[in-house]
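Each chain gets a letter, A, B, C and D, in the order it is written, and its residues are counted from 1.
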Amino acid sequence: MKSIFKTSNRNEKDFGFGKIASEENRVRLINRDGSFNVERKGLNFFTSLSLYHFLLDISWPKFFSLIAFGYVLMNLFFTSIYMVIGISAISGHDSSSFWELFANSFFFSVQTSSTIGFGHLLPGNLISNIVVTVESFVGLLSVAVITGLLFARLSKPNAKIIFSKNALISPYKDAKAFMFRIVNARENQLFELDGEVNLILQKIIDGKSQRTFHKLDLEISHLTFFPLSWTIVHPIDSHSPLYNFSEKDFIESDPEFYIFLKGVDDTFNQYVYTRSSYKMSEIIYGAKFESIFDLHKAGEKISIDISRLSHFKKVTLS
Amino acid sequence: MKSIFKTSNRNEKDFGFGKIASEENRVRLINRDGSFNVERKGLNFFTSLSLYHFLLDISWPKFFSLIAFGYVLMNLFFTSIYMVIGISAISGHDSSSFWELFANSFFFSVQTSSTIGFGHLLPGNLISNIVVTVESFVGLLSVAVITGLLFARLSKPNAKIIFSKNALISPYKDAKAFMFRIVNARENQLFELDGEVNLILQKIIDGKSQRTFHKLDLEISHLTFFPLSWTIVHPIDSHSPLYNFSEKDFIESDPEFYIFLKGVDDTFNQYVYTRSSYKMSEIIYGAKFESIFDLHKAGEKISIDISRLSHFKKVTLS
Amino acid sequence: MKSIFKTSNRNEKDFGFGKIASEENRVRLINRDGSFNVERKGLNFFTSLSLYHFLLDISWPKFFSLIAFGYVLMNLFFTSIYMVIGISAISGHDSSSFWELFANSFFFSVQTSSTIGFGHLLPGNLISNIVVTVESFVGLLSVAVITGLLFARLSKPNAKIIFSKNALISPYKDAKAFMFRIVNARENQLFELDGEVNLILQKIIDGKSQRTFHKLDLEISHLTFFPLSWTIVHPIDSHSPLYNFSEKDFIESDPEFYIFLKGVDDTFNQYVYTRSSYKMSEIIYGAKFESIFDLHKAGEKISIDISRLSHFKKVTLS
Amino acid sequence: MKSIFKTSNRNEKDFGFGKIASEENRVRLINRDGSFNVERKGLNFFTSLSLYHFLLDISWPKFFSLIAFGYVLMNLFFTSIYMVIGISAISGHDSSSFWELFANSFFFSVQTSSTIGFGHLLPGNLISNIVVTVESFVGLLSVAVITGLLFARLSKPNAKIIFSKNALISPYKDAKAFMFRIVNARENQLFELDGEVNLILQKIIDGKSQRTFHKLDLEISHLTFFPLSWTIVHPIDSHSPLYNFSEKDFIESDPEFYIFLKGVDDTFNQYVYTRSSYKMSEIIYGAKFESIFDLHKAGEKISIDISRLSHFKKVTLS
C-alpha cells in the first residue's frame, strides 16, 4: 500500500516522533482530538508568541469577547489621556465631578475612535486635537486589523470529520478486521479522501518493553467522493501485525491506532487534514457496526442517519 | 487509463457510494447540477449548522437582501432599547407620539451604527451613552464581518462549465462512441483540464437487478488548454462495458454517466472541480454534434459559437 | 521527456485546439503576451458577463478611476432623490436656486454615504431620513465591496517573466539548437520552474498544407531556483522535428513555438503560469546570446544585467 | 533518493545557478537566512518596483510606521489645499495667524478623512465642499487599501524553522555522518516535511579550481509530522562525495551545504518553503548533538527543550 504522503527512502518505523517515542512507554502520542501530546519549552518568548495563530484558533465567542475587551481598553487608554490633559481637553460639557469628567472623556473617545463624531463633545484645545488625530488613526487601523483577522478565520479550511466513538474488532470474511466509521459533519462536500492508519504496539524486545510502528493495509484507502459514511477497514490477515491476536494479546500489546485523513474541501478547493487516534480502551473486541442507512425509505434519496454512526452490536469472534 | 485522482488499492467498483448504492435500484446518485442525491439526518443541529457555508453559497441578490435585512434588524433592536430607556435617551427631539419616538430612535440608531453622527440627535443620558458605545462597536464589527464574507464569496473558485444538453451515441470510426460536448462559460481560462467518466449500469445478476460500476476509457482525457469546446468521447470498443449494445440494451440497462472534471482556473491558479451526469432520458441514440466553429470566417481569430453547443443531427447507427 | 502537466493517454498532437486548428492555416494560436487568439460568441450575455474578472484584470489606474466614477455616480443618484423630495428634504440650508439645491443635496449625500455627518446639513423629514438610512447602508456596503475587490487584486498571483525579444537558432555542440532566454522581472523568488516548448509546423501532406504539432525535448526543463536568467535550449538533433532544417526550410514551414512556464511564487507559495510564443519573424537564424553576467566584477555577489537579456551576436551556422 | 521537487531530465549539476556559479569561485550562493547572494540590475525601474512585495515583506513596526506616516502626509496634502483656498474654506473658526489657520485646516482634514465630522469645523464654500468630497473618497479608499494589505500580510505563509547554529561531522554507525538539527519555532504544526541537502565542493580539475554540485543521500528525508525536533543526517558512506574525507580534506574542499525544506502548514494547509546553508566555518568536525529531550520527566507528555537545539559535545572521530 502506498502512503497518502509522498515518501522517498522513509524509515517505515518513523513518522515524526523518532527514537524517543519508542522508549517513552505508554505515553499517548496523538490525542483523540488530533493534537500532539508534546510539550515544547526553551523557546524565546517572542519567537514562540504567535498572537496571530492564537487569534485564529480560539472559538468565535472568545474571539468576539477579546475584540470587545480590546475596544473598551483602547477607549479607556484615550480616556485617561483626555483626563490628564484636563477639563479643557473636551469642550461642550460641564463636568463638575471626576466621574462626570470620566464619563464625558470616555464617550468622547468612543465617538472619536468609532468616527461617529456627534459634535456635542468637541476637542477643546491643540493637544486634544492632536490626540483626536491619533485616535482616529488607531480607530481606522483597528477596523482594518479586525477585518483582516475575521477573514483569515473565515477562510481557514475547516473540515469536521466525526469518528465513531469506538473502533471495533469485527468478523471480516473468514477472519477479523479492525474497523471504525467516519462521517462528514459539514454540509459542504469532501473529495479525494485519503486515509492512512498507523499502529503502535508495545512489544517485549530483548526483555525490554519497546514500541514498534506499523503502517496498516486498508481494504479501501481512497474515496473519490464522501457524501455518505465510510467504514475504514484493516483486514487482520497474515500481512497484519495483529495476525492471530487474541483479545488477551490485544490488551497486552496496548495498541494505539493513529488515523490520518486528507481530502479536498469543495468550498475553497483546499486540502484539509484530520488526525485522530484509538487506544485500547476505545476499542471493542467482538462487535460490528449497525447500518447507518435508512433502508426502509424507498424515496428518491439515499438517506443516512448520522446519530447512528457509533452504534454497534456485540458479536462473538471465532 | 489512470484515474484523475491518485488512487492506491482502490476498489474499482466503489467511488464513495459503497454497497448501498448498488442495492438501492433506480435512484439517481448525482443530479445534473452536480449535487449528490443524498439526505443526511441525525446530525446535532449546531454541528451541521454552517451559517458560513450558507452565506457563501446563496446567490448575490439573496446575500445582499439578507445583509440589508440584518442591517434593519440590528437598528430595530437598538431602537427598542432606546425606546425602553425613554424619551430622555435621545436629546434634540421633541417626540409627542409613539411613532415620533420610534422614528427618532430608529434614525438615531442608524446615525450611530453607521457612524454618521450628524449631531442633531444626541445620546441624552448615561445609559444611552453606554448603548451608543455598544452600538458603535457592533456597527464596526458588522462592517468587518460583511467585508470578510464578501471577499470569501469573491475568492471562491467559480468555474462554470456548460455541458451539452444531451449526450449522444454517435458513429465513431468503424463503430460507435458515447460523446458529449462542453465549453467554458467564463471569460477566464482553464488549464490542465482532466475528465473522468463513470458509468452505472443496471444488470440482472443471479436473477436480481444490481448496479455495476464502470470507469470508461476516453479518447482524450486531458487538455493542456481549454480555449474552445471539448467533445469528450468514450469509444464503444471491445473494452467498453457498452460493447455491442443495441438501443434496446441501452434502455434496459438504464445507464447513468457521471462526469467529473478538474482544471486550473488561471485567475487565482486554483483547482476547480465540476460534476454532472447524464441519464438515459438525456441521451440521444444515433446523432452527431454539429460544428461549433464559424468556418466561413477567414479572419485572424478562430471563432466558436457557443449557442450551438447542444446542436446535433440525427444519424442512423449501423 | 515528461510533460510538465500530468497526462494520461493524451493525444500528442492535441493540446486544446483540436482538429480545427490544424486546418485553419496561418492563424497564430497564442499571442506573444500569452493570450489566446480565439473569439467566442453565442454565450448568453449574463452568463459571460463576469464583472468580477473584469475588475480583477484591468490596470490599477483604470480600477481606481472606475471606483471614483462609481462613487460620484452613487452620490448623484441619491442627490436626485433628495431633490425630488424637495427643499424640505435637507434642513440647514437656504437654497434659492436649482444649482444651490443641487450642490447642497450632493454634499449632503457625500457627507451621508461617507458617514462624515458634519451636521450642518441634516435630514429634514421622514422620507429623507429613510433615504439616509438606505444611503448609509449602501455606503458601508460599498466600502466592503471595494475592500474585497482590492484584496482580490492584491492576492492574485502575479509572476512577470520577461522573454528575450528574439529566439535564436544557435550553434550547439556539433549541431544547432533553438534557444531563448528568460528572466524574472519581480523581486520575489520563483521556485520549481518547469518549462515546456511546443512547436507547430506547416507541412504539405497529401498536397494540402496542414499543421503538425510537436513537443520539443529540452536540454534542461526544470530549475529548482530561478535567481538568475535561464536560457531554454532545444537541441536540434535527430529526434527533433527541425532536424537538418536549412534557413529556407525554417521560413517555408512557418514554425510557431509555444512556451509554457510553471513555477511557485515564494510570496504566497502559489503556482504561477506564463505563456508566450515565437513566430518565424521573431526568430534569428544564426545568432548566439551575449553573456548577461557582469564577469568583470569580483565582488561577493553574482551579478546579472537584465538590460542585456535580448542581446545577441550574429554567427554563421555550419 | 528522489528529489523533493519533481524533475524530468534535469542536469544533476545545475539547480538554478548554472555554469557561472561553477566558475565564480568562493562566492557563497545562498546566505544563512535563505536569501540568494545575487545582484540583479538593468531592470527598468518601474518594472522591478514592487511596492506590494515591499509592503508585504517589511516588519510589522515598519509597516505601521509607514501607514501612520502616510496618514499624516495625506492630511497635510489636503491641509495645504484648504489653506490655498483661503480662510473661507472652513467655517466655524476664527484663525488670525498662519499657524492657527494651519491647525484648523489640518484638524478639519483629519475629521474629514477619518469621517468623524464633529461639525464645529465645516466646509465653508463650494470649492472646499468639492475637496471634502474628494478627501472622503480618498479616506475610504485608504481604509480599503490598508485592510487589503493587512490581510495579505496576515495570510502569508510564515513557517519559521530554527536551524542548529552548527552542522556536525559526527560518528555514525561504523563511520561518520554530516548532521544538523531543526525545530519548528511556531506553535502551529507542520506536516509532510521534505528535506533536501545539496553540497558544493571546490575541486582541482585540470589544475583549475572548480565547483562540483552534489545531491546528498539522507537517512530520512521525509517526516509525516514534525511535533518535536528533527536531526537530518547524511551518512558519509561509499556513495557520499565526502567518503574518506579527513578534517584537512574538508577544509581544503571548502564545502557548502544548501538545505531546502518543504512542508505543509496546518493553519492554512499551504506549502511553506525554507532554505538555509552551512559553510565550513559553521561545521564542527568531531561532535555530536546533546539530547533535546527532557528524559527525567515521566509525565504524560513528551517534552523537548528547544534552547538545547544547538548544544553539542566534542568527540574524537575514528
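Annotations
Here is the rule we use: contacts are C-beta pairs under 8 Å (C-beta built on N, C-alpha and C of every residue); 3 or more make two chains touch, one makes a residue touch a chain.
On a predicted model such as this, the values are computed, not experimentally measured, just so you know.
Each of A-C and A-B has its own count of C-beta contacts, and the greater count is at A-B. Legend: contact pairs of C-D compared by residue number with B-C, B-D or A-C; the interface matching in over half of them is B-C.
Chain A and chain D touch with mostly distinct residues; of the residue numbers seen at this interface, under half occur in both copies. Chain centre most remote from that of chain A: C (centre = mean of CA atoms). Separation between the centroids of chain A and chain C, computed from CA atoms only, is 38 Å.
Our note on geometry: chain A versus chain B, Cα centroid distance of 27 Å, whole angstroms. Residues of chain D in contact with two or more other chains: 111, 115-119, 143, 147, 151, 155. If you draw each protein chain as a dot and join the dots that touch, every dot ends up joined to every other dot. Partner chain B is touched in their complex by these residues of chain C: 3, 5-11, 14-18, 20-21, 24, 27-29, 36-43, 47-48, 50, 52-54, 56, 111-112, 115-119, 122-123, 126, 129, 132-133, 136-137, 139-141, 143-145, 147-149, 151-152, 155-157, 260, 270-273. Remark: chain A residues 1-2, 4, 64, 67-68, 71, 75, 103, 106-107, 110-111, 114-120, 143, 146-147, 150-151, 153-155, 160, 162, 183, 185-189, 191-194, 217-228, 230, 264, 266-269, 293-294, 300-309 touch chain B in the complex.
Only residues 115-119, 147, 151 of chain A touch chain C when the two sit together in their complex.
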